[in-house]
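Structures are listed in the sections that come next.
Common to both upcoming complexes is subunit A, partnered first by subunit B, then by subunit C.
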Partner chain A sequence: MANLEVRNVRKSFGDTHVLKGISLDLDGGEFLVLLGPSGCGKSTLLNMIAGLDSITDGEIVIDGRVVNAVHPKNRDIAMVFQSYALYPNMTVKKNIAFGLEMRGVPAEERERLISRTAELLQIDHLLGRKPAQLSGGQRQRVAMGRALVRDPKIFLFDEPLSNLDAKLRVDMRTEIKKLHARLGTTIVYVTHDQIEAMTLATQIAVMRGGVIEQLAPPQEVYEQPANMYVGGFVGSPPMNFVPATLVEHGNGLAVRFACTSDGSAGDVDLPLADPSEDLAPWRDRKVIFGLRPEALTDYNEAEASIREHAHAFDCRVDVLEPTGADTLTYVDLGGETAIARVNPRRTTNPGETMRLMADMSHASLFDPETERRI
Partner chain B sequence: MASLPQQAAADTLGAKIGRGVLYAALILFAAFYILPMLVMLATSVKDIEEIRAGSLLALPQAITFEAWGYAWNEACIGVECTGLAPYFMNSVLMVIPSVFLSSLFGALNGYALTKWRFPGANVIFGLLLFGSFIPFQVVLLPMSQTLGFLGLASSVPGLVLVHSVYGIAFTTLFFRNYYVSLPDDLVKAATIDGAGFFTIFWRIILPLSPSIIVVTVIWQFTQIWNDFLFGASFTSGGAQPVTVALNNLVNTTTGVKLYNVDMAAAIIAALPTLLVYIIAGRYFVRGLTAGSVKG
Partner chain C sequence: MPADTTVTSSDAETGVRGWLQRHLSKLVVAPSFLAAVIFFYGFILWTVYISLTGSRMLPDYELIGFDNYLRIWRLSRWETAFDNLFIFGVLFILISMAVGCVLAVLLDQRIRAEGVLRSIYLYPMAISYIVTGTAWKWLLDPGIGLEKAMHDMGWTSFSFGWINDPDMAIYTVVIAAVWQASGFVMAMVLAALRGVDDEIIKAAWLDGASLPNIYRRIIIPTIRPVFLSAFVILMHLAIKTFDLVMALTAGGPGTSTAVPATFMYDMAFQRDRLDFAATSAVMMLATVAAIIVPYLYSEIRGPRRG
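And now, the complex of A and B:
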């Protein structure tokens, strides 16, 4: 267990700035996921933490020690690579032993550590094989074994599951989570898969273009995205963004947007659950109203009565996409396509009008110009 | 491999004729190349009387290996009548260290150029590449001066130096192009595991290189063994490699021209490269086409 601090770290190649000042602070035992599309700098940041890439500016601190000039092998970290990077010429056992051997661990101690790790990962029966004789999932385990056996301060994972098929990926995801729960080691994990990020992380850093857009626990990232980018990147389907106007409504405020129902265009007003003082300057101005698809559902009287901030409105259905559990229902709100999660037994045919219910306690508002959360 | 339409096509008459023509042409070409070899072999086992009386293409009537023994032990090369044997040994002593050194440095260069990218790596690779385009003749004079300066003129170690240095351009090219396809993550993983430059080279990179090593060794062996120009330019007398000695043997005429000895000597001089191809040839093609290592 070690804490990790990244202080205003930059990486540039000439005029190309890959990382534009990254800062984060991670307590020992946390599971940080660096989430972002390819080219956002997340792997570069990981490589810099590992010491495989030089740092243009800023500091990386592991357990209170600035490691900028420390060789990777002396940082007490271990890394699992996307390609697994198993040494093809060595058996599984030798692969796992290599790091110990390089560190001068005596042979008996090595044996003990290897058998313990192999047992933990259930790869004891594979120790004599070469990597080419293993399946994808087994290689993944061996790669993790190679990292685990040294019991490092920090684990670094570079998209470790992206080469596995869908089912195996889910299984391994669970195993990584179990391992973290069991070992409690600090983990930094890079992925572009937002579901992996949500399921594994205790902290998510959503990255774009060399900056961290939001650093928060997964539920907070999901429910209160710092900006429209985060709202759109996390969650599948992504958050709905409805161009709206903030208007006065009784004692509070409401979002007003256009929507077609029963063949005629009209405005819908949805009162905000929490019309705080901060929103006052936004009255009568354009905002982006963000709502997760699961907060936009079919109208259900029983539920509407329980949920204080659920409001109903009518809207024409454009497209239906059944997914099994829910039917994704496409509607046009304020000129933008929005997706509602509808109970498959309550769907309406495309072109017809349907009564929807918006749970405004999950609403987000964004500034249309800066795209930041208001 | 063969899909159904292709098999169907093979049954038509036109396709059969085409195939026949193809085979005929291939057999003709093969014969064209093998014939000189057969004539050499046949001549080398005839005695000189038979050569004089018979036709060049006729098969030997009585096989005798006298000419081989003579070429190996007794034939006169210039004024020394020692046969090819000492010169053959010269070539062996020249080719083994040269192939070893040039391959080793090529592998190290290729590894450093691909896995430890340093500023200017591409420029250096470009310059090395350029080195493989330099014709032999260009370096003759400066090289002979250098050898004289080092005290290696007219010696087998001198030839080892020349061939090792000259070969590095080619071997680097081979190894570099092979190592470019090895995943960089291997080196990163080993670095984190605590291995340094040379440990990674010996323990991880080199064990993954057998196919490209074979290619390089065959290439270098053939080049160095068959070299005539450097051998003729930088050595004289007892230090000459077998190629130069063969030339001198054939050109040393005392009375009757012993064609059978000439032929036997030529085959002896060519035998090692032939053997290398026969033994390692299948790895050669495999190594040339190999690239990716699935790990």
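And now, the complex of A and C:
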């Protein structure tokens, strides 16, 4: 267990600035997921933490010691690569043993560590094989074994599951989570898959174009995205963004947006759950009203009466997309398409009007100019 | 009905046109296949046959058994040719491989102007052996080449006359051949080095391996098939060497740089000994086959490398 601190780290390749000032602070035992689209600099950051890439500016600190000039082998870090990067000329056993051998671990000790790791990952029966004779999932396990066997201070994972098929990916995800619970080692894990990030992380850093857009626990990233980009990247389907105006409503505030129902266009006002003081300057101004699809559901009297901030309104249905558990219902709110999660037994045909319910306790408001959360 | 139309058209395809369509590819390949069978394999068999006869200037089809294969070893010229092939082959292969590997490892450090350097190293391979031989003949000629250049520059004690020295002339053939082939080895090895996944090398760094260890334990074993391919190609080039020697030294001074291929040529066209020529040709073929057949077999039948 080691804590990891990244202080305002930058990376440039000539004139291309790949990382533009990354800072994060991670306690020992945390599971940080770097989440972002490909090309945003996730691997570059990971390579710099590992010491495989030089740092243009800034500091990387492990357990209070600046490691910028420390050779990768002396950082006590292990990494699992996207391509698995197994040594093709060595058997599974030699692959796992190589790091121990290079570090001068005696032979008997090596044997013991290898068999313990192989047991943990259930790869005992593969020890004599070459990487070419393994399936994708088995290679993945061996790559993890090679990292685990050294019992390093920090694990780095670079998109370790992206080459596996969907079913195996879900299984391995669970296993990585179990391993982390069991070993408690600090992990930095790169992925572009937001579901992986949500399920594994204790902290998520959402990255875009070489900067961290938000660094927070998964639930916070999901419920209170720092900006529209994060809201749109995390969650499937993504957050709905409704162009709206903030208006006075009783002694509070409400979002007002256009919505067609029963063949006539009209405005809908939804009162905010906590119209705090900070929102006062925004009155009568344009905002973006963000609402997760699961907070926009079919109207249900029983539930509406329990949930204090649930408000009903009528809206014309455009498209239906059944997914099994819910039917995704596309509606037009304020000129933008929004998605509601509707109980499949209570759907309405496209073109007809249906009564929807918005849970305003999950509402987010964004500045239309900066796209930041208000 | 549409179904009827289909039946009629498939009927037509059973006719001459249909037959042609099905067999056209075979017909097109047949002439070159036939030529290959006659001119390669037919003449190989003919040469083997001649080597078992007592032919002189013209073929004589009376078999005399394997006598030629014993008698050829009593010829001092064959012995020279054989020794030269051994010296030349070993040095040529070892030095070309070593120089090629060093160049490849150096170029692999992602230096500037790599593209230009790579082409420069590779160009000699594109030149015919006759040109290489002629160019090196001039370069090594004491009267007009390197030695004269050094003398003109004021280093009058410089002397480099290997090409006229019966004991050393074979090494000039090695120099010219290495110059020609090491760029090719470099290209093969460099391609293989580039084929090694970057992440594998990163993983080795993290595993605590030093650079020599990474090359020795991971990269070189990974690209070993390339060394084998390069070895086989150089080996058969060495055994076939003919034009380079003809252009550079013409087998001389005397017969000091004779190799099996020049021996064969001399016997067939100058000494009127078709039997010895055929015998040496068969022995060269057997040597090449002894190397290439197992190689091809292991390439085709061997386990797939993944």
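Just so we're on the same page, the second predicted complex is superposed on the first by the 374 of 374 C-alpha atoms of A that agree within 3 Å, B and C clash if a C-alpha of one lies under 4 Å from a C-alpha of the other, contacts with A are read in each partner's own complex, and residues count from 1 in each chain.
The rule we apply is simple: contacts are C-beta pairs under 8 Å (C-beta built on N, C-alpha and C of every residue); 3 or more make two chains touch, one makes a residue touch a chain.
Predicted model, so just to flag it, every value in this text is computed and none were measured.
Trainee: Aligned on subunit A, subunit B and subunit C: do they clash or fit?
Mentor: By the criteria stated at the top, subunit C and subunit B clash after superposition.
Trainee: Is A:P131 touching the first partner subunit B, the second partner subunit C, both, or neither of them?
Mentor: both
Trainee: Thinking of the overlay built on chain A, is A:F81 touched by subunit B (first), by subunit C (second), by both, or by neither?
Mentor: both
Trainee: With both complexes superposed on chain A, which partner does A:G99 reach: first (subunit B), second (subunit C), both or neither?
Mentor: In the superposed model, A:G99 contacts both subunit B and subunit C.
Trainee: After lining up the shared chain so the two structures overlap, which partner does A:A118 touch, if you call subunit B first and subunit C second: first, second, both or neither?
Mentor: neither
Trainee: Kindly list the residues of subunit A that each of subunit B and subunit C touches, one partner per complex.
Mentor: Touching subunit B in the first complex and subunit C in the second, residues 47, 50-52, 72-73, 77-79, 81-83, 85-89, 98-99, 102-103, 131-132, 146 of subunit A appear in both lists.
Trainee: Within the complex, which stretch of subunit A touches subunit B?
Mentor: So the residues of subunit A in touch with subunit B come to 47, 50-52, 72-73, 77-79, 81-89, 98-99, 102-103, 131-132, 146.
Trainee: Using the touch definition from the top, list the residues of subunit A that touch subunit C in their complex.
Mentor: 47, 50-52, 72-73, 77-79, 81-83, 85-90, 98-99, 102-103, 131-133, 146
Trainee: Spell out the part of subunit B that touches subunit A in their complex, as residue ranges.
Mentor: The touching residues are 183, 185-186, 188-195, 199, 203-204, 207-208, 293-295.
Trainee: Please name which positions on subunit C make contact with subunit A in the complex.
Mentor: Touch list, subunit C to subunit A: 197, 199-200, 202-209, 213, 217-218, 221-222, 224, 304-306.
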